[in-house]
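One chain, chain A, links the two complexes that follow: it is found with chain B in the first and with chain C in the second.
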Partner chain A sequence: MTQKIIAKEELYKQLNSLAKDFEIIGPKDLFNKGFFYERLDSAQELYLGEGFTTEPVKKFFLSPSEWLFNCQYNNGKNSLEELSLPDKKRIIIGVRPCEARGLILLDQVFGSQGYKDEFYLNNRRRTIIIGLACAKPDAACFCTSLAGSPVESRGMDVIIFAKGDEEFILEIVTDKGKEIFGALGQVLNETEKESHALEKEKNKELVIPKIKVPESLCSIFEDAYWQEVSRACLDCGICTFLCPTCHCFDLVDEQRKKLRCYDGCAFADFTVEASGVNPRPTKKERYRQRVFHKFEYFKKNFGENLCVGCGRCIRHCPVKIDIREVVTNIPVTENK
Partner chain B sequence: MTEELRNKAKELLKNKQVELIIGYQRSPDGICAKPCFIDKETDTDLLIWDTYCVYNLSNYLKEYAGRKVGVIAKACDSKSIVVLLQENQLKRQDLFIIGVECRGVVDEKGAGFAQKCKSCLSSNIPIYDYLIKEREQTRKPLEDDDEYEPIRKIEAKVLLERFKFWQQEFKSCIRCYACRQICPLCYCPKCVADQTQPSWFSKAANLTGNFSWNVTRAMHLAGRCIDCGECERACPAGIPLREINKKIEKDIKELFKYQAGANQEQKPFFACFEKSDPEDWIK
Partner chain C sequence: MENVYLPNLAEIVEIKQETLDVKTFTLKFCDEAARQSFDYKPGQFVEFSVFGEGEAPFCISNSPTRKPNIECSVKRTGKVTEALHELDIGDTVGIRGPYGNGFPLEDLKNKNLLFVAGGIGLAPLRALINYCLDKRDDFKAITIVNGARTSKDLVYKAEYEVWKGAKNTQLHLTVDCNEENWTCMVGVVPKILEQIRPTCQDSVAIVCGPPVMIKYTMPVLLKLGFCEPSIITTLEMKMKCGLGKCGRCNIGPLYICKDGPVFNYAQVKNFIHQ
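What follows is the complex of A and B.
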């Protein structure tokens, strides 16, 4: 892995020169609204500070509303009109380690085990990810207790570390990243390498809050615990929409268009059947589903928890439900 | 105040006057508050009251309709209870309202007090069964604060600019429906946004769908919104939802001299008719 030091100005210049061939996307500071990923006209609009974006980078891969195809009905005949997939190449900069790991988990859903989702995979193929290591995890962060780290580069092509206000240390992870940034900056000397490695170790310790995930949740499926912890839940879509790993969707017909829109297990009508029956009639079943999908079902299917500890559901929950507290306090009885 | 609150809650549960108290407890971060649901006398010590108690707990009352419930209500929250009672969503005899005089709650997204608190006469609680008075009134409500100043600023824009302003704001809506879910007065059994046959507006989080959703919700709250500001607080996209509701509130106040939730004796806004109501729009 090549490690280099690069001036902020040089990085921005490179991004601006790449704007001819790439769509450049990164976090912007929208002041009283927070930080949001947007398409940038110039790298100068970038916000590469310590704050976290409200929405994760997921929306550029699994769109909140994806137009899948058109249906036609002409002269008594049905036909489908396929849409061409976008091929504009993109660079997304400022992606945090937890979000990048979220994409690795989504890859399992949309790109492995027999099913290949071309919309998602096309978005993955046409994107170069420049990660940004976290220098100041906040009280909601808990990536380290879910096999993550605020300085890891899994799922990225390049990762940058802020060094003061005017410089970045850049680590090139993949060949894609090398093509774009290979020619930039000064290679670190041995002393610089050592101090960078030390700094990384130190930053890992910054994520303090912990979550303890029980081995299996099956034994407490029917427990009254779920009613207790879901009482304050509003059944809104904030935690699922802002989650870098939640990926449930609804297929919607609008005139001739078929759309795929975000949906979430918290919504009361998510599971309503055509007959009118709702197998998850109350908050208890819906909230339990979210926890079980993340910490039981996904683990069974893919061997990992469907949570990267980014803390968005905690930061933005309007009634301060804390998934760490809920999962850690699960009253599991050991069945042997 | 917290001590008095805990004692009252304990007494209510002990005498079986209520089976549940909906109040506030400290959240795990040690600073903020979160809603809590207490049904045991021994748990009443969890209850707290301070400026971090931002939530409008009346939103939860509909879930417990038919059961005896005690609820802690600030001035703004009690106004939504008034509207819910007027609209026959709750029964007065099922409720025990513990009114708390409020010094204003914190602004979770900024600094200082929430915008809504600045013009609030916080001691003016229209409905309660037991009142907990503020003993250390350190902040007087700013009676001279012009609560409609931001509205006047938007009104001063020409139509097209105003349209652009709201387009810009609604563009960022992610359709999480937190505004609807947190609103004590959004209680339709089947929300217009969830209907599919017919589908009234786009489910997609695009500008047309978002515009229709937000405007529909605002119009549905006309004459009903009591400005608890919970929608704006919950909105992860930072849309100034209060401003659209305040505009309607202002129009209704100016045209019909009606203020939602102010008085439990009055009828709901759309059930009121006065001969003096303006009618110059009828040609």
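What follows is the complex of A and C.
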């Protein structure tokens, strides 16, 4: 892996010159509204400082509202009209390691085990990801307890580390990354390499490990615990929309358009059947479904937890439900 | 691009009014190639689109031995089914699928088959019953227990005579309460099973009906000596994608749409009584 040091100015200049072939996307500081990924007119609009975007980068791959096809109705006949997929290439910069790992998990959902979702996969193919290592995790971060790290580059093409205010250390991860950034910056000398490695180790320690995931949850499916922990839940669904790995959706007809829109297990009407029966009738069943999907079912089906420890559901929950506490305090009993 | 959500257009070529609120639609794919290549197993389902209104899953209620047109029976219950019931012959709808696993046909060969249906639950079983009758020599005795709240709620009435007349096949019809001019059995399905005591020897029971029927039928079947893996049922939950992705029909690590809808009782006994 090539490691280089690069001036912020040089990086921004390169991004601006790439803007003729690529759409450039990155976090912007919208002041009192928070940080949000947006399409940028110039790299100078980027915010690569402390703090985390409210929405995860997921929305550029799994759109909150994806247009799947049209059905035209002419002279009494229906006809279907397919849409062409967007082919504009994109660079998304500022993606945090937890979010990049979220994309790897979504790749499994949308592109493995015989299922190929071309809408999602096309978005993945046309995007180069420049990750930004975390130098300052906040109180809600817990990536290291879920096999992640604030300085890892899985799922990225390039990762950058802020070095002071005016420089970055840049590591090329994939060939795609090399193509666009290979010629930039100065290669690190041995001393610089060592201190960079030390810095990385130090940053890992900053994330406080605050969650312990039980090996299996199946023994406590019926426990009153779920009622207790979900009591405060408002069914607002913010935890699902802001989660980098939640991917439940609805298929909606809007006049002649078929859309796929975000949906979530937190919503009371998510599973209501036409007969009026709801297999997840109360917050207990709905919140339990979220925890079980993330920490039990997904593990059974794909071998990993469906949580990357980004902390968004904790930061933004209006009633301060903390998934770390919920999972860690699960009263796991043997042979129940 | 391969778009897994893009349906095939199909034309409604026949509509049969089964009961006051159930219609059976016969659908012909508009595209001849799609019509020929569409293959399925009894017990599989399709996502049915009424454009502009929405999409809903329905089992295919006719046997693949009677292709290439497919039939779906639809009870008027919600938004999509309401819109479907308004459609006429010649209208087009969207069909994508087939989805789900279907009945384990190989496991049923050379067995006595006990079909237990309640109300519109007969729809998926009808596909299998007619499949078995079309391949009659592959199976031993066939016993059908079909119940409904009232005689007006019985579906596929036109086929009862054919079923009764088929080789080594018995049909027991029942309604919940006695009615004038009703000559068949009276009582809920589990009670009827206790009366007729079908053999469990070399037998598989295939059960579909409303949750309350399932709940009281399973213990009776177990008491009659059926073992859990020999009781097969087909489940339903709200579904949107049919591909195990949208998250609605997830129970345990399973998705009803992808891993089911057909399960044996051993697989789902912990889920269906919740």
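For this structure, a couple of remarks:
Note that the second predicted complex is superposed on the first by the 331 of 336 C-alpha atoms of A that agree within 3 Å, B and C clash if a C-alpha of one lies under 4 Å from a C-alpha of the other, contacts with A are read in each partner's own complex, and residues count from 1 in each chain.
We take it that a contact is a pair of C-beta atoms (placed from the backbone, for glycine too) under 8 Å apart; a residue touches a chain by one contact, two chains touch by 3 or more.
Since the model is a prediction, treat every value here as computed from it, not as a measurement.
Superposition of the two structures on chain A shows chain C fitting alongside chain B with no clash.
In the superposed pair of complexes, A:147 makes contact with neither chain B nor chain C. Residue contacts after overlaying the shared chain place A:208 against neither chain B nor chain C. Using the contact criterion defined above for the overlaid structures, shared-chain residue A:224 touches neither chain B nor chain C, since it reaches no partner. Using the contact criterion defined above for the overlaid structures, shared-chain residue A:197 touches neither chain B nor chain C, since it reaches no partner.
Of the two partner chains placed around the shared chain by superposition, chain C is the only one that A:116 touches, whereas chain B remains out of contact.
In the superposed model, A:234 makes contact with chain B only, not with chain C.
The partner of chain A that touches more of its residues, comparing chain B with chain C, is C. In the superposition on chain A, A:293 contacts chain C only, with no contact to chain B. In the superposition on chain A, A:249 makes contact with chain C only, not with chain B. Between chain B and chain C the least C-alpha distance in the superposed model amounts to 6 Å.
In the superposition on chain A, the residues of chain A touched by chain B in one structure and by chain C in the other are 250, 252. Chain B makes touch with chain A in their complex at residues 27-29, 32-37, 55, 59-60, 109-110, 172, 174-178, 180-182, 194, 199, 202-206, 230, 233-234, 236-238.
Of all the residues in chain A, the ones that touch chain B in their complex are 30, 32-34, 36, 54-55, 64-65, 139, 231-232, 234-238, 241-242, 250, 252, 254, 259, 261-262, 267, 269, 316, 318-322, 325.
Every residue of chain C that touches chain A in the complex is listed here, in rising order: 1-7, 9, 49, 51-56, 77-81, 92, 94, 211, 236-238, 240-241, 243-248, 250-253, 274.
Looking at the complex, you find that chain A touches chain C at residues 68-69, 71, 73, 77-80, 82, 84-85, 109-110, 115-119, 122, 247-253, 255-256, 258, 260, 263-265, 270-275, 277, 279, 289, 293, 296-297, 300-301.
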